[in-house]
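In the two complexes that follow, chain A is the common piece, with chain B as its partner first and chain C second.
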Partner chain A sequence: MAYLPYLLVAPSIILLLGLIAYPLVFALKNSFYFWNLQTSATPVGFVGFANYQMVLASPAFLNSLINTLVLTFSGTALEFAFGLAIALLLSTRLRGMSVARALLIMPTTIAPIVVGFLFRYMYDPQGGIITWLMASIGLDLPAQGILGSTNTALLAILIADVWQWTPFFAIILYAGLLSVPVSLLEAARLDGASAWVMFWRIKFPFVMRTALIILILRFMQLFNTFDLVLVLTRGGPGTSSRTLGYTLYQQGLIDFNIGMASATTWLVVIIVNAIVGLYIFFAFRKWEW
Partner chain B sequence: MATLALDQVAKSYGEVLAIANVSLTVDEGEFLVLVGPSGCGKSTLLRMIAGLETLSGGRVFLGDKDVSRVDPKDRDIAMVFQNYALYPHMTVYENMAFGLQQRKVPKPEIKEKVLQAARTLDLTELIHRKPGALSGGQRQRVAMGRAIVRNPAIYLMDEPLSNLDAKLRVQMRAELKLLRARMGVTTIYVTHDQVEAMTLGDRVAVLKPIDGPEESNLQQIASPQELYLRPASMFVAGFIGSPAMNFMYVTIESAGDGLCARIVDTSWSVALPPGGNKAVPALADHVGKRVVMGVRPEFFSLAQPSTGTTNGRLAVDVLVSELVGPDAYLHFDLPTPEVDIGTDLIQERAETGHTDSRFTARLDSESLPGDPSRLDLDIDVSKIHFFDPKTTLAIV
Partner chain C sequence: MKMRSSGVSRRQVLKTTIGTTAGAAAYSLGLGGRAPAYAQGNATTIRVLSVEDPFFFALRDVIGDFTDQTGIDVELESLSYDAMQARLVTSFVSNTSDADVVTVDQMWTGQYIDNGWIRPLDEFAAGDADLDITDFMPEVLYSLNTWRGHLATLPVAAYAQGVMYRRSVADQLGLDIPDATGSWTWDAYTDTIAAMNGQNVNGTDMFGTVICGSQPTPIVHMFTQAAASYGARWFADFPASPEWDFTPTINSPEMMAAVDQYARLYDLSPPEAINYLWFDAGTRFSTGDIGMFYWWTPYFYLIKNNGYMTGEPSVVADDYGIAPLPVAGSTPQVISLGGWSFGIPSTTEKADAAWEFLKWSTSAATQKAMGLVDTYNYQFSDFARRSLYDDSDLTAIYPYLGTQAGMLAQGNGKIARPPAPVYTTLEGIMGLELNKVLIGQQTAEEALSTMDDLFLNTLRGNFLIPYSLPSFDDTPEATVELINRLA
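== the complex of A and B ==
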């Protein structure tokens, strides 16, 4: 019965291979073929690395890669920072914190596409509340509107994403703060730790145990941001707010160029895995305790 | 090093009064043990001394200084927690150095002190490990080390051995005693284990849960031997000593030039000649009244047929005999009403229709006859205690 354990895990492995490996292999194969759905229902011919060359040579790809990296790194960092601040506030015994906890989870439960529409109305150059607020505190707004300017379009997407996902960080990090044993805080008090030392050397390491995982999850999600971009800017003006996710949509579902879209998919897989691999290598080295 | 004094300290949580009217002083270099059953407020009292709990009343003095409102970090105390409270993400070295770093001690000095403490506690090999990679006993030593490096005026220890297994606990208890002999620092030690209390403490304070603001948690504070020989109240008498003291109601009667104590509802009596028991003079005021008699299990002995005196001899039917190495614990019932010393056990027995009381005798297991089901027991009259049933205080 030596193979019984393998037999028992086999269903999960097969399911996993079917759901993850098959699409990846399918995309890998297609990335070496010329295949445009507008002209053919099946791959037309083997083209080697031509699809990759075309993707890498197109300015749109480089542009959307930069946009994606900017959005992903700054979004994750901002959501973590704001989330941590809110979590610290939640852990105080200020009045109304239990109500705040209940309200906080709401943005996270809204579908991103709905968030996109909400923000589109708020960014509207005529009567959008954000436009109005910005104008009333005397900020110089672009004439084409916040979403219409190459300077502010990506920022507008970032703000909507931060609005939606900061509470998620806040709730999870709050749970992390709660996991700090009271006796540790008391020991630190007796050891003479100031409020800052207490946070930085005692609470923060505990919070980071939880945070390490959601940081990488959120990073991967943000890297593939598509819905907010579609609803808010469609990657525009020009390619100024185009992300890799939107580029993929453009290549595959508008231009129907399956070969190029597959090549882009694989480039994304490689980039994300490289970043995640590095992250895991460094972040989880001090994990054991 | 310093003295510590508590002056009428009290603590309440909303309506619930946990601590009231506790006053005591701890001398320089003294090892005071706070002992009592769970809920007696011993940990709360320790945390109040540490400053982790605010006082609802009274004052705490460290030396001459009133520290009642002083922040824990400025009280010059170090505490060892029950669960050790080691920082799990820091190494043994960092755990011990943390307190010194906060006090801005220069780095070389920190290193010297930590390594010194590590040597004392046999932790040198483990200095770069994290608490997760240590055994229970090692963690306990790190927690001690963290307190030692600070060189505080007073050590507070909250059941530091209770998370260790029995064998390790005995070993650590001995180590603690050695350490304490070497360092000689004022220490307040909380435990619910009376063996720990009796073996470690210079003095032991026995605490009990309170029912009202006029009571005090502090029942008696004295040397271990004093607590055992001269308990001030039924609570202390029942708490200190294992197995616990036997209590029974007796009526005091005059008998010749002495007294006699008759066990209520039975025909047994114990003669108390003048000088036969230290309580006799005081008991003279209780003639004709009912008092509580306390006999420790170890002061029963197997009746020797050869000796002429049969004073206080009891013929008992042994219900259960437990052999514990050199000792035998014999349990027997007598048809006399049970003395309520506030344990749930008695209530349970009353509810199940028991009208007699259960007693325990501790005898030398080798002297027991082959069939120990019916025995004659003698009582060492000089070692009997008497208590006022109303106040529960000792009659002396």
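== the complex of A and C ==
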């Protein structure tokens, strides 16, 4: 009977290993082989760390990494900030909030590839609504268009992503705000607490745990951004908006260099896990588990 | 016919299974060699994966004829260019291909044949009088459909490249543009564009031209036409050589002239063309503010619409002419050939039915029927068969067919974009470096030097320098010999 607990959890563990560990181990093995589907349907030979060396020596990798980090950190921060602001607004008893809540979920339900197409049209230098709006308020837009300039291409992807995923933060954080006891807020109000004090001392601590979880989930998701890049800029102009997700797509599904794509995959796994590990260490160390 | 049908009924499965089993049984018993299941009265359904280029829409409209004629049902599914290659390769590698006919780009042909993913068609074509293989333009078969002396696929749409210009703009500005029988140089072409650029014609501020700037594939497709015209070559000896030598020859004066030329054209284009894909350039021309540009021949008809396959006429529909591509001095003209072809996956158990489909879809009768489809304002004239360029019904709709035939006859797709085994990787490198030149991140000299280094590393890294596998002297003459052998 001592083994019963292990037996009961064994199916889950096996399933988990099969679904998570096997692909990763398979990719790890491939990363040490020369395997290019353009020249051979099967792995040709063991090449040690050559694939890793080639990936790290490629200027495109460093560019992609920098762009990915910029996009991921700024995207996560902006979506959280805007999401929190919207959540606070939703929690007020203003007219039309129930409709706003229903509408808010819509961007999150659209496939990123569709969002990409929508924004491609909206950024169109010939009559795109975003271009028109920005020009109308006197902003000096690049002649090549928002998507065609090295200065604005990554920003354009960021804006599209923020548009789509801010509601996700808003809804989750709004749910967190609902858990704040009304009696606590009433007591604070009777004690003369200002709105800022009520937010900072009461509401924010309540949504903090939820926020920490969705921040890291969204960070990991954003780190692999690919769809928007493919539709909006294809990583260009130059490499100004190329992300690691797009580089992986290029290596794996355009160049069909399975060895290099596997090596890049593992580098991404290492980088993301290092960042997530540090985040968990610092963010969750005061948690009582 | 069924479109994008993902579900399969039990009846279909039963029919297919019975058909396949009966065919296999007949074959194993030696009852007439390749005895097709459909010929024995059993309904067969084949699955066709097609890329969604203009030919797809015309084919879709006439595909019922195939079922009427053969009793074979067709499930036709369309995919984008990138998605098609990704889906095919992953399904071939994992042995999960569910298609009986697949669309094959000329750059994928060698990869698919060498890996055994598609069947060579020699056995099917040899002695099949219905195919009428001698009617195909040899330049097209050479560029699109042959690999190592074998017929790998059959062309369903063949493209060359040519110049389109606004007649009213040229007339108003007094610019001479040669007709189909004339010729001009790239310098004259650029001067004409420069003369159009910035002019106000009938109230429209004109750009001289429009290019494709988006990396990697669109920019390479357009640039390589200029490069081929200037006499630039990618490799020391490929494919027309008994000993293939993939040493890159990218960093050459001819390639430099082509890069400079392309950068000049971008200066005379709308700045946002840096992000233009294939259709963006054509669609921009059809809006009426572009004086002249060169592009794939399907745009000879696509620009008649005000958007991609809209069926609504554009403002330039009755106001454009076709002109020959410019040449670079005395360098013999080479026109880039492209298009789409159908092949038969090795995994299909319905190869005979698939072959019937290939023959039917590429036949003169079907191609003509596709050209006569008017659903989208007549949007298909990409014929690979010589006989259709003289067809009076078709020339009445597509008056430029004679010019287009001349462009195809000057075509050599294996020079413009040589189908080396790692072509897509090289295309990615070229596309990125060219794009950087256009946005001013590097000079043409730096770009060619980088390209040459990266080409060399890539080709060495993939064991293509030195080339140790058997070579094949892949010349247009070898294709003519193949045609004669199969006829």
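Quick note on the criterion: the second predicted complex is superposed on the first by the 285 of 289 C-alpha atoms of A that agree within 3 Å, B and C clash if a C-alpha of one lies under 4 Å from a C-alpha of the other, contacts with A are read in each partner's own complex, and residues count from 1 in each chain.
Everything that follows uses one rule, which is that a residue touches a chain if its C-beta (ideal position, glycine included) is under 8 Å from a C-beta of that chain, and two chains touch if they have at least 3 such contacts.
Everything numeric in this text was worked out from a predicted model, so none of it was measured.
In this overlay on chain A, chain B fits alongside chain C without clashing.
By the document's definition of touching, of the two partners only chain B reaches A:Ile202; chain C does not.
Once chain A of one complex is fitted onto chain A of the other, the partner contacts of A:Leu190 are limited to chain B, with no touch recorded for chain C.
When the shared chain is aligned, chain C comes close enough to touch A:Thr39, but chain B does not.
In the superposed pair of complexes, A:Gln250 makes contact with chain C only, with no contact to chain B. Residue contacts after overlaying the shared chain place A:Gly238 against chain C, while chain B stays out of touching range. Of the two partner chains, chain C is the only one that A:Gln144 touches; chain B does not reach it.
Once the two structures are overlaid, the count of chain A residues touched is higher for C than for its counterpart among chain B and chain C. The superposition places the C-alpha centres of chain B and chain C at an angle of 150 degrees about the C-alpha centre of chain A, rounded in steps of 10.
After superposing the two complexes on chain A, the closest approach between C-alpha atoms of chain B and chain C comes to 51 Å. Note: no residue of chain A belongs to the chain B contact set and to the chain C contact set alike, using the contact criterion stated above.
Interface of chain C with chain A (complex): residues 82, 85-86, 89-90, 92-93, 111, 114-117, 213-216, 270-275, 287, 421-425, 428, 432, 435-436, 438-439, 441, 461-464. For chain A in complex with chain C, the residues that touch the partner chain are 36-41, 44, 54, 60, 125-126, 142-145, 147-148, 150, 233-239, 250, 253-257.
The touching residues of chain B, when paired with chain A in their complex, are 50, 52, 72-73, 77-79, 81-83, 85, 87-89, 98-99, 102-103, 130-132, 146, 150. Residues 181, 183-184, 186-194, 197, 201-202, 205-206, 286, 288-289 of chain A are the ones touching chain B in the complex.
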